[in-house]
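Below are two complexes that have chain A in common, paired first with chain B and then with chain C.
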Partner chain A sequence: MKSKLSRNLYAIPYALWILIFVVAPIVLVLYYSFFDIEGNLSLTNYINFFTPVYLKMTLSSFWYAFLITAFTLLISYPTAFLLTKTKNKQLWLLLIIVPSWINLLLKAYAFLGIFGTYGTANSLLEVLGIGSKQILFTDFSFIFVSVYIFIPFMILPIFNALDEMSPTLLDAANDLGASAWTTFRRVIFPLTLDGVRSGCQVVFIPALSLFMLTRLISGNRVITLGTAIEQQFLVTQDWGMGSTIAVFLIIIMFVFVALTGSRKRGM
Partner chain B sequence: MKKLLQAFVPILIVSIVLLFVISSLNSSQGYSSKNKLTIYNWGDYIDADLIKQFEKEAGITVVYETFDSNEAMMTKIEQGGTAYDIAVPSEYMIDKMIQEDLLLPLDHKKLSNLNNIDERFMDLPFDPKNKYSIPYFWGTVGIVYNSKMLGDIEITSWSDLWDPRLKNEILLVDGAREVMGMGLNSLGYSLNDLNHDHLNEAKKKLDSLMPNVKAIVGDESRMLLENEEASIGLVWSGVASEIMAENEDLEFVVPKEGSNLWFDNMVIPKTAKNVEAAHQFIDFMLDAEVAAQNTEYVSYATPNKEALNYLPEEIVNDERFYPAPDLTERLEVYENLGKKNLAYYNELFLRFKMHTK
Partner chain C sequence: MSDQVIIRFEGVTKQYDQDIPVLNDVSFEIERGKFYTLLGPSGCGKTTILRLIAGFTEATQGEIYFNGNVINNVPANKRQVNTVFQDYALFPHLNVFENVAFGLRIKKTKKEEVAKKVHEALAFVNLEGYENREIREMSGGQRQRVAIARAIINEPEVILLDEPLSALDLKLRTEMQYELRELQQRLGITFIFVTHDQEEALAMSDEIFVINRGKIQQSGTPTDIYDEPINRFVADFIGESNIVKGKMLADHLVEFVGKQFDCVDQGLNPDEPVEVVIRPEDLEITTRERGKLQVRVDSQLFRGVHYEISSYDKDGNEWLVHSTKKATVGDEIGLYFDSEAIHVMRFGETEEEFDKRLEAYGDGVGNEE
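Right, the complex of A and B next:
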């Protein structure tokens, strides 16, 4: 009885934390979303959201977030796999993680230089005989830089899942005559699915609301929901509309987490 | 539990010691909260040496904070909890702040250098009789272009930008009023037009500019234009003069259809804690020599007519940055359009940004 009481007491700080920093902001966002720009209680913002402008924006945010997640996964999975095979895997892992300690803004600025007309990337293309191209302010540069930024977040959970896998399972598959591809498809991949899931969640959700890169790297040629929220709050000062977009973003995130959430019970 | 305590107690002790060290260091250098002046200004918008000079002369400690948009500045002052003694908003924002009762009236008797300001910049519609604000800098919005990269294409007006030869060459600034204003001006409408048909027409006109637009960027445009990443940019005059000093091929023009004329003025917000020092600071900045030094650093145009005597001739006589009165007549000052109309401008601008090539 006493232990239960003290357990509840210890839970208070965490409960408070969640109440103040998670629940309260969401409730506030929801509350603001019901006020139009004049401060009247109304549903105009929600009606506004279902106009072609915002629907198109939602779709394109989705599309870009999907592309970013897919490419990140495509690069990260083999990398994580190779990492588990190397000798000093902790060192290699550290080397991959170190760039993520550098501020996002600084990395974005560095890419402005690398992808510029007279930047490193174009000099390389010249040398290769392809000739300089416009790289900055294109879909390619936006996705490239986003993928670069998200890679460590995808590698970590996959690496952990791969690392935890017992090597005896591979031996067993081998002994039972499975080919390398079958082993991967039927043994390795299913066992690391949880890592892939959490990696995708960690990448897809922030990718939906990227707003700084859209301006710096793609010169506002890519408009995401994040861009629109920033503009509504800081420039237009239409907090209601900004909150409404945020509400939809939150809903999308919940749906995404629910869909990709682990289905341990079913397994 | 004991281990936890052993870990926490040293941290606590170190923190307390550090706190004492900081406060004793502060007081030994004469920093005290008693005579403190908090300034809230745009980034990189004052010569930092002048702040030191003021601190020395007046014996006042200056705390300097910066903002990057009028809206962000106003939001912060409106919400309270700040103690800014001086802020430097632009004209339409001053109008808004007066309406919302966020400013303190100035005591002109305490501003002995007020006569240094050119009368052209006094008593403007957004603040009649300068009851709340004193001019700090002024400037225009125009086009900066790289004459070497463009060859024989000459740019004198907004409509020159629609030239099909300029494909993928233009950098726009990420500001609804500037870009929409460009569309409106090119059609011969006012920058403050509220007619929705006119605004939609301007947005359509801008859509047709999209093939020429390389990117819509913020402060990075300085670097991009300087490095010849693009040959044309829509910029504020001060940005232009700054990058023109770095790259000789750059030219600046105020388009002949008209453009925006803006003023940044010093004000004292209602939340000010040290009104006396704020007046002292404004008066200090109005001093001719101080204003001249600041102008050389910031490179926007100064409204201080006495300061012009201390500035090099090539700055003062540069009509691109000190446009003659007949040109300034064609320029328009932004009016405070109200939240609803501003939202409409932003909505159109957002739709323009989403318009694909």
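Right, the complex of A and C next:
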């Protein structure tokens, strides 16, 4: 009896934390979403969300998040695979993880310098005889920088999945007649699918609501749901509409997690 | 080389980065349809031999033949052998059916045939009805049988088994020993089985290779190896034995613990120093007067079917006796044994020299009266 009581006592800080920092904000967001800009209780925000402006914005958010996730995966999987084959794999992994500890804003400013009209990238293009180009404020630079920032978050779960895999499974596949490619398709990839899933989650969801990069790197050419929320709260001061977009963002996130949720399997 | 030979190692050396090779100039032949066991202590190179046969690793030197062709450069997925791994290496994302079907799927076998063959293979290992189970839902013994089914479905000429029973409890292990042996005889294909359990090796094999430090110490049938161990390592590793230093006075006459005994060994140099082996079950307890050796009982353990009695002679040599009769600790007793019970080992004699000596002297040691 006593242990049950004390266990409940220990759970209190945790429960409080969840209540104050997770449940309360969501409830508040939900609450504000039902007030229009004049402060009247109404559903206008929800009706507004289903107008072409916001729907297009949602679609483009999805599209960019999808592109970012896809490119990040394309680069991260082979990298994680090569990492597991190196001798000091933990060291290499650390080297790849370290940049993610640096503040996002700093990295964004660094890219401003690199991609700027007189930046390193353009000097290189000059030297190669291609001539300088407008790199900053393009879709390319936005996706490039986003992918760069998300790579460590994708590599980590995939690396762990690959690293956990018993090497005798590969011998076994080989033994049963599988070529290297077949082994990858039928054994390695299915066994790392959970890692790929969680990697995609940690990239796709934040990518949906990126807003700092959209302004700094793409010069607000790309408008995501994140940018819209920021604008509504800070510029238009329409807290109701901002909250409504946030509500949809939260719903989308839950749907995405549910869809990519890992099936239970393995030993 | 006869048609019966399916695998042949010729002077195979395997060396990793270290100075000492893991396998050192190993040569042997494996015949079709027999049950072979590679027996040796941990780290002696057993798994390395299997990996060389399966093609997971390459020989540093020497040739590996399969059906008369050198296969050193044939990749693993093109070899006619299948392996049952020590940890089974079943694919955790596939169910029992798909695990067993793996090899056939790669060969793009037709659907109906896959179903039929998987069913047959599972029936073979007594796992009918388990097709849709996940691997994590199977017990250790069942997993092992899935691994065997997965290996036999490809109808390989040779199956390699790397300590497949070591993870099982004693009872299940004994059961699986019978099952494996029976399975091999039903299938009629060659099994190469790795173990470091000598009882398992003696119980299951047609032929045993005793390996130590990357060298095959002795090969032969279980009785050959048990009755005529070639050196101290083999005698010690296979079964329990009493080993004492002695001197070969002449053919059929050996001296140890200061006495002379008749024996059946011959073909050694006069006065050659030797080691003498007597198995504990060949020693019989009797009175001091009737015994060939006089010893004092030091301790006694009941082992179920027999007593294991440890005793010492006056020179301090330990004599282990397996007897169905009980002794009394502290008693002076006599030990009696036949002249056939004495087995003489020369120092540093290789298997070849040993076989040659036996051939040169007729029927061999054991059969002489």
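Definition applied: the second predicted complex is superposed on the first by the 259 of 267 C-alpha atoms of A that agree within 3 Å, B and C clash if a C-alpha of one lies under 4 Å from a C-alpha of the other, contacts with A are read in each partner's own complex, and residues count from 1 in each chain.
Convention: contacts are C-beta pairs under 8 Å (C-beta built on N, C-alpha and C of every residue); 3 or more make two chains touch, one makes a residue touch a chain.
All figures in this text were calculated on a predicted structure; none of them were measured in a lab.
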- After lining both complexes up on chain A, report clash or fit for chain B versus chain C. fit
- Task: Please indicate which partner A:Asn88 is in contact with in the superposed arrangement: first for chain B, second for chain C, both, or neither.
- Result: neither
- Task: Would you sort A:Asp175 into first (chain B), second (chain C), both or neither based on which partner it touches?
- Result: second
- Item | Partner contacting more residues of chain A (chain B vs chain C) | B
- Task: With both structures superposed on the shared chain, find the angle between the C-alpha centres of chain B and chain C as seen from the C-alpha centre of chain A, to the nearest 10 degrees.
- Result: 150
- Query: So, A:Lys56: does it touch chain B (first), chain C (second), both, or neither?
  - Reply: first
- Query: Touching A:Leu191, do we find chain B (first), chain C (second), both, or neither?
  - Reply: second
- Report for A:Asn40: first if it touches chain B alone, second if chain C alone, otherwise both or neither. neither
- Message: Looking at A:Ser166 after the superposition, I want to know if it touches chain B, chain C, both of them or none. Which is it: first, second, both, neither?
- Response: second
- Of the two partner chains, chain B (first) and chain C (second), which one does A:Thr120 touch, if any: first, second, both, or neither? neither
- Across the superposed arrangement, the tightest C-alpha approach of chain B to chain C, in Å, is 37
- Once the two structures are superposed, pull the chain A residues common to the chain B and chain C interfaces. none
- Query: Which residues of chain A touch chain C in their complex?
  - Reply: 166, 168-169, 171-179, 182, 186-187, 190-191, 265-267
- Given the complex, residues on chain A that touch chain B span 37-38, 53, 56-57, 109, 112, 116-118, 134, 136-137, 215-216, 218-221, 223, 228, 231-232, 234-238, 241
- Message: Going by the contact rule set out above, which residues of chain C touch chain A in the complex?
- Response: 54-56, 75-78, 81-83, 85-87, 89-93, 102-103, 105-107, 134-136, 150, 154
- Residue ranges of chain B in contact with chain A within the complex: 69, 71-72, 75, 168, 171, 174-176, 214-218, 220, 223-224, 227-229, 339-340, 342-343, 346-347, 350-351, 353-354
